[in-house]
Amino acid sequence: SSGTGATSSSGGKQGNLLVSYFSNGYYSGVVATQPSLQAKIPGKVKFLEVQSGPATLAGMKSGSYNLTTQTGNPPVLGAIALNTNLSVIWVEAYDNAALVVQKSIKSPADLVGKSLGYLEGSSEDFSFQSWLKLNHLAGKVTLVNLDRQAMVAAFKTGKIAGGYNDAPFTSSMIASGGRQVVDSTQIAKMGFPALNMVTVDQSFAKANPKLVLGYLCADAGAYQLMTGPNKKQAITKASDFLGQTRALGVPTGLSYPLIAPKDELTSKGLGAPGNVKNGAVVQSLVKTGTFLKSQGIINKVPTVADITAHVDTSFAQKVANGACSK
Amino acid sequence: MSGTLSNPPTAILDPRLATGDAKPSLGGRLSELMRRRYLSVVSIVGALVIWELIAVLIVRDPVFLPTPIATVGALIHYWDRPYPSQGKPLWYDTYISLIRILVGFAIGTIIGIIIGGLMAAVRPIRSIIDPFIELTRPLPPLAFIPLLLVWFGLGETPKIVLITIGVIPIVTVSTAAAITDVPAELLHAARCLGASEFQTAVYVQIRAALPQIITGMRLAMGISWTSIVAAEFVAATAGLGYVILQAGQFLRTDLIFAGVLIIAVLGITLDALLRLLKSRIDPAGRSAQ
Amino acid sequence: MALDIRGVSKHFRHKGKNTLALDNVDLHVQPGEFICLLGPSGCGKSTLLNIVAGFMKADSGTILSQGTPVTKPGADRCVLFQQPTLYSWMTTKQNVMFGPKMTGMDKTAASERAAELLDIVGLGAFQNHYPHQLSGGMRHRVAYARALINKPNILLLDEPFAALDAITRVSMQNFLLELWQQERTTILFVTHDVEEACLLADRVCVMSARPGRVHAISTVDIPRPRTQATVESQVFIENRRALRTTLEETLGQQEAVVQ
Amino acid sequence: MSGTLSNPPTAILDPRLATGDAKPSLGGRLSELMRRRYLSVVSIVGALVIWELIAVLIVRDPVFLPTPIATVGALIHYWDRPYPSQGKPLWYDTYISLIRILVGFAIGTIIGIIIGGLMAAVRPIRSIIDPFIELTRPLPPLAFIPLLLVWFGLGETPKIVLITIGVIPIVTVSTAAAITDVPAELLHAARCLGASEFQTAVYVQIRAALPQIITGMRLAMGISWTSIVAAEFVAATAGLGYVILQAGQFLRTDLIFAGVLIIAVLGITLDALLRLLKSRIDPAGRSAQ
Amino acid sequence: MALDIRGVSKHFRHKGKNTLALDNVDLHVQPGEFICLLGPSGCGKSTLLNIVAGFMKADSGTILSQGTPVTKPGADRCVLFQQPTLYSWMTTKQNVMFGPKMTGMDKTAASERAAELLDIVGLGAFQNHYPHQLSGGMRHRVAYARALINKPNILLLDEPFAALDAITRVSMQNFLLELWQQERTTILFVTHDVEEACLLADRVCVMSARPGRVHAISTVDIPRPRTQATVESQVFIENRRALRTTLEETLGQQEAVVQ
């Protein structure tokens, strides 16, 4: 087929790396604001903000960026289902989402019959529906499909009893009288991890391996900064870059459930080379596929082999082998 | 006081009457219409064929461009199956969007006709309202979605309100213009024939303005459909706009096209109904249409 | 007296300029009389007609229609315009029945009278046609039937034939003469056309412009019934010459005013 | 072959000329305009006062309804400060949206005039294109955003395309109508005066159609602004639509209103420019406007 | 011969009905002659004029303008319409200069001729006015100046005064008579109005309708120069009566055909 993920057709001359990021992509925020980290990338980096799943997916499909960061399970799985030429090469963090409800709600049982907000088709949707099922609440609550910002408005004005939302929107909900019930890290431990991944256009990666590797080195460096002694400074800069207000953005960044570079090649991340299919990435993508299929959103779940073929550990291996310090 | 004038009524001077063309047969009118529509049908069929060929031969990726056949396939497939599974089947989406449009359109039309009528009747009201219509003309409806949510909650209200606020200015302007455009002589004639001011307003002025008001309503109906996706942007769980948004999330292009197709068909159908209504109340316009 | 116009004045203010459209106009019309208003463009003919019809208020002066002061439009003074102003959504019959319907006249009686009038104007066979299915001349005839059904005290006509082609105009002039001879309604007829005024009127009120005044009232001394053949008679030619001279006096006056 | 006719040109019959009204002074025209606009200004000021009172006394929650003063305050505050902080200041957002609108509008206008011209010139082209315009009239632009992204990537192109596709049908229809509406006699007169067919088309037909084409452009300009938020919905990092969306995320209602205010002002300003253009090329319409 | 119309026929097909608008029409016009086409509505007057102008093609027959066959519109046959059809975006002077600009005539010469013509039609002082700043009659005069600047072989006029009020019509008739007396351009003039035809023409071609045919060509035997006073002369009245009789014959014929 012709047009699938053509190599940087709409930009990115040789030596230019086009990176997508979200407004809560702290890794990218740190890389973008730390010249020392950018120095690790042998070329020019351009950061492109995206706001929604469709934009990420469409951007990957149209080849608008070479590398995506902070990409959740649904767009990645969607892209694989659409035969996009991409590889998952890194895992950055768990989703930073949580269920926030009004204080009057004390236990999951109190939720029966209540209206709850969620964003249909997002990675929060995947975690949330799984949690509802685990708590036997599926079908017993009224689900209201709301955009992330609309959910905050609806919660503030009492139109919903709570909602499963992404950070920092959860912070606004908590600030206006909400209580956190469960977050995605906890749900991940229950067997439904929602991951934030780095993907790359396969043909771009083949043509520009040094650029891609360089970006991962910077990303790994960002992890050190975000967990190191000066993390508050780094995250404040990143938060400014992302456009968060400091009051909300800095705490969110500090509490982000990051995945350490050392876990990349373990079952918490991409999985061990040769045993990728048992890694968190493939496992969670398979579950996401089954979920999306059960939602009727995709017609056919990509096979484990299909998904495995879209995971590329070679860059993570080079990082683990110390390629970054050379 | 009786007897017939010697000067006979001559139809000679009107060629239309002389050749008996005044009331062409229904069959004649239909075939006339057919002939006029012929090229249109050919061009639409041609476009479908070209689209199919481009999709199959050149693009060859249904995500970029589904074929017309795939589009119709998706439409049929999801007509009685929900998408996504906690959503509703397409027939229900169609139904719910239609209801929203019709309710929003009806409310907007009624408000628009009332305001427009007042503007036409009372000069100062016109001067007061005109600048607001000028001011609101360029405003993007999407900007108001967060506010509509805050003001009207999550139910049907904000969706209908969004459609209504698109309809009001168009119907207002066209109603005001239509009523103002009724020739003063038509009203003067009524007064001379013994009609009171009220009778003149109702039986002549508003009646004469109706066809042009309906033209405004046709325009407003078109605009209503263009805002159905925006209206169903927030907190919708069904509707064509909702399906289109959901399909967009995972680039189900065939389903987007199917939704758009339904909107096009409904849009044209409702327009045709309004046109029919217009031709019923405007005998002179029937052939001109 | 069918119509009594006493000392009527009217001015307009437009873009900061005052125009005295009518300056102390007097005119007395006898029942059954046919009066023409003749004058150059802008001399106030339409303004006077509109005031008589009740569409406009005079600044000063009074109008009496059969002795009653005129304050608003009424079915006793029916205006016929340059265009036939039929209601396009009504059939011929419905158009004629409009007046009775509005005034609440008995429906059966009105329907009979409408049929009778449509026969008189020669449109008995076109009762269910819509206006757009009639020729220009036929539409005008419907307008006359519609006006006459209310038995108005006076018909006010504002250049009713000015928009017609010459041949239709002649035919409508004949029609109006015959209709008037039969029904003897009082008629006030506005025209620019000396020949037309001469052919139709008992008396012609010649007006001058800026300000609009009655310049002269000429009696047309031509025996009735008149037809198109009348225009070739010596008496017609003399009357017309006299009238043209009177009209030219008003034009001359006006030019003097302007220069 | 020389000498003057005895029949002098009399201006008497035209009251406008006789009273010297043909060319009223500029001052006179201005004050006339002022008087007509008087009520409009009063009504806008009145509305602002009522809005302020409602916001302060009844609603008393800036999230539901900011006061006009707070709106202007937000506008001034963010005029040269970025919102959000990695975003751009309002003046830059205004600038970038303006550029997008102008480019999209210009491209759409050019395409629309070309298609409309072809439709007017070649009857079959009209029959071919008409049904597509009918079909696309009710289609919601938001439905096409995912497709535009896939087709045109994330840069400026999809944003400009979205505006362009809103402009094209309106300008097309009005151009076709404008050119067709030029009275045949005007063209015949040109041919009799020695103009070639080409000269007639350019110097008379198109020239005579221009004012009505500009009317279509005014309509299209209004529509462009209504779709700026949709155009900047995805993958924008600046622009008024972007700011409005960002402000919506955090219910910064004052900033939403500030953005809407800028759009209203720009919309009216561009409309006024087009009106000025029209009055320049249409001397007869100047007073009528 | 200024204009030679030989065996011209033309039919229209409209809603499946055939109308024979012109049936084998012959007409020969001498240089400097003033010819009127007179006939009832629908007899094909406008159709004939349009064919002569080159706006329409005849089904059969030929038209020669000064011996050259007519195939398309040209500056040798200039049409003046019922409306003055001035270009609203051009001043009086620019309107008059339109023809020379299109044909690429020398600009200075054209400008001089335009000024001269505007003086002749009495609008020397209105060169920089736009059409909407002129009165109706003045606009018509500009149209004449614009037509004459190309020195056409023949002027074709289609009911040019039908839309004017009676007083302006008289003034424009005088204007045209004087202009023609001065410039001696050949004129083909379409009218409904017997009086107008009689006043202006050397010869009147009376047409009948359905199918459109030349019924008769009458010579008008009235000495020139003619003025409005002419209409009172006995010779005028006789000519007019004769012409009216001829015209009525065509109407009678037609009615016979319809019934």
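When the chains are written out, they are named A, B, C, D and E in that same order, and each has its own residue count from 1.
To be clear about the criterion, a residue touches a chain if its C-beta (ideal position, glycine included) is under 8 Å from a C-beta of that chain, and two chains touch if they have at least 3 such contacts.
Chain labels with UniProt names: B, D = ABC transporter permease; C, E = ABC transporter ATP-binding protein.
This is a predicted model, so every value here is computed, not measured.
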| item | value |
| --- | --- |
| Any chain in contact with subunit C as well as subunit D | B, E |
| Remotest chain, subunit C as reference, centres from CA atoms | A |
| B-C against A-D, pair bridged by the larger set of C-beta contacts | B-C |
| Subunit B-subunit D separation of Cα centroids, rounded to whole Å | 22 |
| Approximate Å spacing (C-alpha centroids) for the pair subunit C, subunit E | 32 |
| Centroid spacing, where centroids are CA-atom means, of subunit A and subunit C in whole angstrom | 85 |
| Separation of subunit D from subunit E, taking each centre as the mean of its C-alpha atoms, in whole Å | 44 |
| Overlap residues in subunit B, where contacts from two or more other chains coincide | 10-11, 13, 63-64, 145-146, 150, 233, 248-249, 251 |
| For subunit E, residues contacting two or more additional chains | 40-41, 167-168 |
| In subunit A, residues with contacts to at least two other chains | 52, 54, 58, 61, 149, 153 |
| Subunit B - residues contacting subunit A, complex | 58-61, 63-64, 81-87, 145-146, 149-150, 153-154, 233-237, 242, 246, 248-252 |
| Complex interface listing, subunit C residues touching subunit B | 53-55, 72-75, 77-79, 81, 83, 85, 87-89, 98-99, 102-103, 116, 119-123, 126, 129-138, 141, 146-147, 150, 152, 167-168, 171, 174-175, 178-179, 182-183 |
| Complex interface listing, subunit D residues touching subunit E | 1-11, 13-14, 16-17, 22-23, 183, 185-186, 188-196, 199, 203-204, 207-208, 281-284 |
| Parts of subunit D lying in touch with subunit B, wherever the complex brings them together | 36, 38-44, 47, 63-64, 124, 127-132, 134-143, 145-147, 150-151, 221-222, 224-230, 233, 241, 244-245, 248, 251, 253, 256, 259-260, 263-264, 266-268, 271 |
| Subunit A residues touching subunit B - in the complex, by the definition given at the top | 1-4, 52-54, 57-58, 61, 74, 78, 81-82, 115, 120-121, 143-147, 149-150, 153-154, 157, 159-160, 292, 294-298 |
